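These notes are about the structure you will find just below.
Each chain carries a letter (A, B, C, D, E, F, G, H, I, J, K and L) given by its place in the written order, and its residues are counted from 1.
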Amino acid sequence: MSNHIYKKIELVGSSTTTIEDAVNNAVAKAAESIRNIRWVEILETRCHVEEQKVTHWQVTVKIGFTLEDN
Amino acid sequence: MSNHIYKKIELVGSSTTTIEDAVNNAVAKAAESIRNIRWVEILETRCHVEEQKVTHWQVTVKIGFTLEDN
Amino acid sequence: MSNHIYKKIELVGSSTTTIEDAVNNAVAKAAESIRNIRWVEILETRCHVEEQKVTHWQVTVKIGFTLEDN
Amino acid sequence: MSNHIYKKIELVGSSTTTIEDAVNNAVAKAAESIRNIRWVEILETRCHVEEQKVTHWQVTVKIGFTLEDN
Amino acid sequence: MSNHIYKKIELVGSSTTTIEDAVNNAVAKAAESIRNIRWVEILETRCHVEEQKVTHWQVTVKIGFTLEDN
Amino acid sequence: MSNHIYKKIELVGSSTTTIEDAVNNAVAKAAESIRNIRWVEILETRCHVEEQKVTHWQVTVKIGFTLEDN
Amino acid sequence: MSNHIYKKIELVGSSTTTIEDAVNNAVAKAAESIRNIRWVEILETRCHVEEQKVTHWQVTVKIGFTLEDN
Amino acid sequence: MSNHIYKKIELVGSSTTTIEDAVNNAVAKAAESIRNIRWVEILETRCHVEEQKVTHWQVTVKIGFTLEDN
Amino acid sequence: MSNHIYKKIELVGSSTTTIEDAVNNAVAKAAESIRNIRWVEILETRCHVEEQKVTHWQVTVKIGFTLEDN
Amino acid sequence: MSNHIYKKIELVGSSTTTIEDAVNNAVAKAAESIRNIRWVEILETRCHVEEQKVTHWQVTVKIGFTLEDN
Amino acid sequence: MSNHIYKKIELVGSSTTTIEDAVNNAVAKAAESIRNIRWVEILETRCHVEEQKVTHWQVTVKIGFTLEDN
Amino acid sequence: MSNHIYKKIELVGSSTTTIEDAVNNAVAKAAESIRNIRWVEILETRCHVEEQKVTHWQVTVKIGFTLEDN
């Protein structure tokens, strides 16, 4: 645990199945452009409803990652 | 997306299995008397415990639906 | 429902699979030293990430139990 | 404790005497049109003041009740 | 100021022009089915965006009204 | 209800007997120097404990009053 | 930007037309007795309703100003 | 006021009569096992309802006490 | 409504005229570098004051947009 | 601990060196016009930045003091 | 990072010098009876004031530690 | 004070010595890639603990900066 600086970004992941899957989808998307992801904070969960059934779980997350040294 | 007015009501759904199932149960109950459900906001999750094990997932939700024109 | 007094303690449960499993693990640990657990309140959910994937679901809970009469 | 669904409504009860009486008045009013009231959550307490004295205790509550099966 | 009981309901009003207009639209809709509206609390303001411009102001409000005596 | 401007001040009232009495004490003190008190918002309740018993109820309130025209 | 100390006071401004006008009215009233007003924080917006229409926008603000040196 | 360290525990006191009595019951229970209780913070008040009437006031409190030197 | 991932960024828009104009200015600035803006959440409104009058409305917003597939 | 009434005022203290120094500056300023200061609550800490370095620590505090008997 | 369960306790540390010192004092006290302390969350900072000067920094913290396997 | 638009990013600064030093480290890191930093808001302070002592102060901040004109 050295003197690292971390950055957090806020994403909304989506899934047709579970809350956990929505979080995993957000992390997978973030991993396309960010290295060294360290943690996720779940902020809010909402559902999109169509024809009177939940069709998507929408989870707002903060994703924390290490800023690399220059 | 026209000039709709939406109403939100607050329910507590319950399930012996998962958080997602408790939300689905609340939506199914709401759908018995409300048309045009559009979204769900998850506010709070609690568990009922019996004999030292979680027996029910109790999820408080707000359910948003379109108020129809008169 | 008599004049009971309840106490709440705050734990962080952890699981490699689901949020529900992390809560169950916290309750199981609490049950080793506490009798008469009555309810759980879920306060916060975070994830530990390694190699760009969620590896642990970490759920902060308050666990409520009946204080027994002396 | 079966798989019940609960609904919450928000009322403001009023009393010239105490906070408890204002809550009881809200519950009595709710009981005129709702069956199976189960719990009350007190959200906010305000007072109306006239001639430099508190004349009414106004207590905002959420009242939870069981939605009956169809 | 007598011993009235008030009820609050939660609506989302929408407008293409201003926040105030969205609130007025919510009150007008509520007035179709509720008598004796007394106050509005603004909880949250969001905008819907299309083609990179705000097209709707969406304002979540609580509307308080007097419950009439039976 | 004209175009009045109101001011709020924050006091902590104290009482050896009840929460209501602590609020009344705060209003009585405010009334020594402020005219036209209109409402009270209760923010927080704490108790001072001595010899293992509650000796004082300490209630933090906001007191709203009309600013008079010059 | 020197070592100034600022004070904040809490007012409720009122207007029959807009939220912005209610804030301006609160600032104008504060300016009658306070010098060096620097900023305003909007805390809460409510409306007074009469005959089923919004008649007043009531905006609670904190007003920050520089305390002058003695 | 020396360099004391305090600990807080969270209890839920219950009473059939008043909020104050529920707090006193929680403090009395805490005093069975804790010395040097110093203050109470009231966090949340709920009521249990049976046969359409409030039967128990349930008050969640934090109780602060001095940790004694070893 | 497919399995999109959204990102939120936080801006402060400014305007000399209205809250709505400050939000529109923030959206216009964001649109210079971001495609597919979907919604805005208003978090906080402050005003800058000069010569005892509000000169700028400063509105903190979160802007949500779709992350495009790679 | 008798039946005192306390008042709280909100100040923003500033310092070029530390958070503690900013609080001390706010207390020193308050002590010029207020007697019997009893406690401080720290609400919020912000920094002013110039030329890419923190130049001022700005700490918002509530200062509590005893209202004297008339 | 295995499947540990953590517990959090809430303490108030005190110091005549700095916020950091008050936190360190709380951790030192906790370390007398708890093994495997892992993190601290700072919740609230208050000051005790005597003779118009801050005499003690009082910092409320949550201290997290690993519950050991039986 | 013209019609600027500001952006906020969220970082976690770390230091072995003080809260202020952790904030300064976060600002220094931000200054490597961002021009025109204007202010910092401190959101949350946590500590990492090793061998029963605080080893790192971890401060979550929002950093506000001016978005330059194109």
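Please note the rule applied: contacts are C-beta pairs under 8 Å (C-beta built on N, C-alpha and C of every residue); 3 or more make two chains touch, one makes a residue touch a chain.
Every value quoted in this text rests on a predicted model; they were computed, and no experiment measured them.
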Remotest chain, subunit D as reference, centres from CA atoms:
L
If you take the mean of the Cα atoms for each chain, which one ends up farthest from subunit E?
K
Subunit B and subunit J: spacing of chain centres that average the CA atoms, whole Å:
45
Interchain centroid distance [CA atoms averaged], subunit C/subunit L, Å:
32
Report the inter-chain centroid distance for subunit A and subunit L in whole angstrom, where each centroid is the mean of the CA atoms.
22
Taking the mean of the C-alpha atoms as each chain's centre, how many Å separate subunit F from subunit H?
23
Where in subunit K do residues touch two or more other chains at once?
9, 18-19, 48
Per the touch criterion, the pairs are A-B, A-C, A-I, A-L, B-C, B-D, B-E, C-H, C-K, D-E, D-F, D-H, E-G, E-I, F-G, F-H, F-J, G-I, G-J, H-K, I-L, J-K, J-L, K-L
State the interface residues of subunit I toward subunit L in the complex, per the touch definition above.
9-16, 25-26, 29, 32, 48, 50, 55-56, 60
Touching subunit C in the complex: which residues of subunit B?
18-19, 44-49, 52-54, 57
Within the complex, which stretch of subunit I touches subunit A?
1, 3-9, 62, 64, 67, 70
What residues on subunit B touch subunit A, complex-wise?
18-20, 23-24, 27-28, 31, 35, 37-42
